[in-house]
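My questions all concern the structure below.
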Amino acid sequence: MSRKPEVNAAELRGRYPQIFDRPASSRMATPVVLAAALAIFAFGLVDLDFSPSRFISGLSQLGWISMMMIPPDPGSSLPLYLKALGETLSIALLGTTLAAVLALPVSLLAARNVVPSIILRFPVRRLLDSIRGVDTLIWALVWINVVGLGPFAGVLAIAVSDFGAFGKLFSEAIEGADQRQVEGIRASGGSALHEIRFGLMPQVLPVIAGQVLYFIESNTRSATIIGIVGAGGIGLQLAEQIRVLEWQKVSFLILMILVAVAGIDFISGKLRFAIIGRRAVA
Amino acid sequence: MTIAVSILPEQQLAALNSAYRKAVARKRLRLLAALAVFLAALIMSSIGAEVNLRTFFTYFGNFVSYFDRILTLDSGQRVWTNVGEWFWGLHKWLKLLGETLLISYVGTLLGAVLAFALNFFAAENTSPARWLLFTVRRLLEFARTVPGIVFALIFVIAFGLGPMAGVLAIAIHSTGALGKLFSEIVENADMKPVEGIRSTGASWLSCMRFAILPQVSAGYASYALLRFEINVREASVMGFVGAGGIGQELIVAIRKFYYSDVSAILVTVIVTVFLIDITTGWVRGRLFGKEART
Amino acid sequence: EDWRAKYPEITFAAIPAENGSGVTERYAPFISYLSKELGVKVTLRVANDYAALIEGQRAGNIQIGYYGPASFARARLTGVKTDAFVIDVNSDGSKGYYSVFYVLAKSPYQKIEDLKGKNLGLVDPNSTSGNNMPRFKLNAMGIDPDAYFSKVVFTGSHENAVLALAQGTVDVAANWWNADDDSNLTRMLNKGMVKSADGTVMKKEDFRIIVKSDLIINSPYAYLSDLPEDMKAAIKKAFLDAAQKDPEAFKKLSDGKNKPWEPVATEDYNKTIELIKFVDNLRKKAS
Amino acid sequence: MLVLEGLTCRFGAKAAVDDASFQVAPGSFVGVIGRSGAGKSTLLRTINRLVTPTQGRILFDGLDVTSLRGGELRQWRARSAMIFQQFNLVGRLDVLTNVLMGRLATMPAWRALSQLWSEQDKALAMSALEQFDIAALAAQRADQLSGGQQQRVAIARALVQQPDIILADEPIASLDPRNTKIVMDALLRINKHFGITVLCNLHSLDLARGYCDRLIGMAAGRVVFDGAPSALTDLVARELYDLEAADVMGATPAPMPQGVPALGTAAAA
Amino acid sequence: MLVLEGLTCRFGAKAAVDDASFQVAPGSFVGVIGRSGAGKSTLLRTINRLVTPTQGRILFDGLDVTSLRGGELRQWRARSAMIFQQFNLVGRLDVLTNVLMGRLATMPAWRALSQLWSEQDKALAMSALEQFDIAALAAQRADQLSGGQQQRVAIARALVQQPDIILADEPIASLDPRNTKIVMDALLRINKHFGITVLCNLHSLDLARGYCDRLIGMAAGRVVFDGAPSALTDLVARELYDLEAADVMGATPAPMPQGVPALGTAAAA
């Protein structure tokens, strides 16, 4: 057994008072912030009418609803659902792709490591915020004025509103890129364009691809815009079936969406592998 | 210019080049095939989505017409000529905005806490068992894939009308989305500290608490803040369950063509988005700005 | 006739009076009839939002629209140049309907005064029978709904309002009503769509009407005012002849409940416009 | 007394450690040398049970380390402290907390998770830091320290585990000459003062000769040399490292290498 | 001929490089030595103009490098190739493309952006790779290579820039002894065969002595030594590194350090 070092606690305490008796301000900071966050949370629960009894009774109701969902059954509406799913997929794919293509150059302007000047970056960021702040319903109406009712308006509405989100997300991905690789290009005499093309893009494209695919997925699920512009869509069908309490159709539609999303996942995995190599995907 | 490389003899070069080309060709072929598939999908979609560029360019001028109208008061003047009239409902809107923020806050916090509790099990490098990894991942996938609105509709039937259903729907969806993102951060975390702490005889829980958490908490906060912002907008969709807030008010104004109200509410919302973006940017900077740069 | 050259394709847009999912199937035969009759391609668009239809007509790319009375009034009020040309006619020959408040029969509520502090389910901000008329009626009774009820919610559609009531999500719901055997409720009951929270199928006796409004004029079909006159005439004729020339298609539209369309003029909706103006005025007063 | 009996550790088909058997007497300072990939790291990690051996046994004072599980396994890890080439500190935690990590195995979970360290533990950690002249940095974040300072923090962490044996995996590979000396001296001090056994992987033969009582040479997972530093002839060293002995032994290279290496003669990758 | 005249580079109040003046003759192999934070990296980065100097001038064959902007600046960067400690390759691009990055400054932008490399450039890049025995890896992604291989790719990139001078910033700090030798030999080969000037930061005095014609010692941003390696006395080295000379010079330490260092006597941080 080894000898243990001897420790004189009192003496150490005298030598390092700030370690042993941290000032109240630094000791209390975390608990105070936590308490404040919890207080707002508790206030929210009360203000928003949360009640444990309703929650419990609701849970049993949920259990009952899940029982009603078995087995999933589309009834006679399968062709209708398939068509709606197809429409939704087309709109989501096209709209999201368009948004990504437009957002990429703009996100460069919003990234700190590409445009160091805050004066230039600020308006771009605020523009992106504004676009995100405008409700998708408004974008739908705006595009109906241009191209009329129909799926095309949905594509454009999705493209614009996702443009705002992508601009922000992409610029954050760019800011997180490894600066050393960019420096390597610069040191060999590359121009700013070269730095972006060879130093940044290989790094951020995988991240961007992941985000775009996630948005395609989520647009596939969302009901709002696609229904408003008069293009049907699977989300609308789902909402309708819940409203009329056709639980078996509901579960069938949910399954359809899950399968579609899994399909997108699978295909996108393959595509990403092809584009950026296995390692980056794994 | 200095000669720094002696060019190889023709023959040797040809051999190397062909080896390179062969290796690259496979990659390039895959890339081209992928692009072709993607393009084909795009073309099919544009047929399905009835894309019509001619209409688009012919009537593009109409793009501003809606904005033109919402920036006009009932009296026919521009909105900024009479700000008092434009923002007549500011008091009410701020209250509704507060409600929206509260819904989003509670929903995001609930979701983030659940996601936090689950994400270590969903990350390849920290999950204690394969079956746990699989189960939790499927669970998160389900929570993420089923649209928020569906949960809201089901919850309104289960829990009754009111913000609770909306908040729970937001919370569930946030759990799914954040759980995946959180676990991705964990998968990118440096495992050396974990090993260091594990080697001292610490339990799994301690390893997560002391080795993983300090590395990932900034990332967690960043994603949770982003989610909060998304949920602020999501909350408007929850209007019909009685959890509308400002979003519901906006939709009513749009549908009833109260033009100047639309722009006034939009401005209120956009200013809020600015503030959230600037604040979250600041918080992110505080949390992990310095480390990220060094 | 040169209007066909100018309009080789026309768009017909409808807002689902019932749930969106059924509308496409219901309209399909009529659209093909219309297309045949007019000699141009007719495209059907079903938007689940009034605002989309109004904006579409304003931009001029929806030639024919099927409105609710209130949304038609709203379109006129916001300057859309569109004219009503035919109107739905009920099975009893009347050209209007009513707004009613339903409660569950097993509930203790007998009159509106019993419902203070309860939840009211309306339909949609632009729905006449589902929002405007109920507010008008309540105002006449001296009730400010937003203060009087604990919650006032838009359920999104007439069906949803009934379902919300059936499931107890709201305590009282506004809805349209034609006659004892013709209302949204009876249509839903016939299809077995109404189930209570525990899943049992409900009957007519499970509901009770506690308030009934004045007559509301029926939904119009409207075309853009600046279409060529001969084109407008052709469209109007096609509609008026529909019940005769293609009875199957016509019947499908209303499940055989409606009589043939009758001509109508935009002026017939002046009262509705007044009603909307009244409701708008309530807005700034309320705050 | 640490005893290894036929210890084997495979990753797939590859045996990273292959049938290693030796004993380490208490209080000795043993160096493990060998080429990259020889299995040095895996050997140490297996002893700490970060890696589970495929075959063979590890005994410590009669305790069968190979069969431990759960809490007992954690106790063993606490008794056999590891020091890593990359320090493996938690960069975002402060230095003191990093050192206190060495006490985790001895305290109840709830106290640890809420960071309620006992006064005693704090004093222990501070005194360990003081021993290495970095007590003044206790409140700084670990990733703000230089490499040498970080490694000293890691050694302090090992020390507060109050271990019976210290396993150091190339503790100086990332350090400059100055810090190398500081860190190796610290290990030596622990070894001689407290009698704690040290098992230390080293790249540099010079250092191994300078500090260790005994050397174990590994190649392709097998123990190929075991003896006093003085017994390590150039021949053995050359075999171990597969290099010109002069390069291995760290003799100052001739001021200008004999003739410039011709093009295309660079060693194969 | 590279000439530095009173070169100063400040970050805020701190002068990372402080009034440095010296000349480097064409074809020489100059080592820059000094403690961590002495300003070695900043010196090299300023010469390449990755960092803009605060004061002073850099001249190369009469060209005033300090005043260059835009395209001319990029030409200069191409002429003064950098090699980094962390390699600074683009991990997701393949090895050949990484080497071709060295040609960017010489080709029209549109060709570069669409990756239409000329046959000539490709031959150049492939030959450079073959010189370092890694032509077989040309199609692999750079981040799949080992450290030593990556650094060789970086050197190949520097070579295809056809530079007049190579600035190497601790090129071997992340490498093991074996790769260290390979990389340093490669630099030496370039220097002797093609007469390209090499300016190389090094941590290890042994290596500096072994490979360089001339050493420049820095401390706190100032040039404190400039002369032949043989002129670097123990005294100077001690001053440079603030250490016992014996430790710096890499002489084999005594088999067992005289007496165990007492507790608390470790060198101050």
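For clarity, chains are labelled A, B, C, D and E in written order, and residue numbers in each chain start from 1.
Assume a contact is a pair of C-beta atoms (placed from the backbone, for glycine too) under 8 Å apart; a residue touches a chain by one contact, two chains touch by 3 or more.
Molecules present, by chain and UniProt name: A, B = Phosphonate ABC transporter, permease protein PhnE; D, E = Phosphonate ABC transporter ATP-binding protein.
In this text the structure is predicted, and so the values were computed from the model without any measurement.
Looking at chain B and chain C, the chains that touch each of them are A. Looking at the partners of chain A and chain C together, the chains they share are B. Centre-to-centre separation between chain A and chain B, using Cα means, comes to 2 Å. Centre-to-centre separation between chain D and chain E, using Cα means, comes to 31 Å. Distance between chain centres (mean CA atoms), chain C to chain D: 80 Å. In this assembly, the C-alpha centroid of chain B lies 44 Å from the C-alpha centroid of chain D.
For chain D, the set of residues that touch two or more other chains comprises 130-131, 193, 263.
For chain C, the set of residues touching two or more other chains reads 49, 51, 55, 59, 61, 156, 160, 197.
Of all residues in chain A, those that touch two or more other chains are 61, 137, 141, 145-148, 150, 243, 245, 277.
By the document's touch criterion, interfaces exist between A-B, A-C, A-D, A-E, B-C, B-D, B-E, D-E.
Touching chain B in their complex are the following residues of chain C: 49-51, 54-55, 59, 61, 74, 77-78, 119, 124-126, 151, 153-156, 160, 164, 167-170, 197, 280, 283-284, 287.
Taken in their complex, chain A has these residues touching chain E: 178, 180-181, 183-191, 193-194, 197-199, 202-203, 206, 276-277, 279-280. Of all residues in chain B, those touching chain E in their complex are 1-8, 12-13, 16-17, 19-20, 23-24, 27.
Listed in rising order, the residues of chain A touching chain B in the complex are 37, 40-41, 43-45, 47-51, 54-55, 58-59, 61-62, 65, 86-87, 89-91, 93-94, 97, 125-126, 129-130, 132-135, 137-138, 141-142, 145-148, 150-152, 154-156, 168, 176, 217, 221-224, 231, 235, 238-239, 242-243, 245, 250, 254, 257-258, 261, 270-271, 273-275, 277.
Residues of chain E that touch chain A in their complex: 48, 50, 74-79, 81-82, 84, 86-93, 97, 101-102, 104-105, 109, 112-113, 141, 143-144, 154, 157-158, 161.
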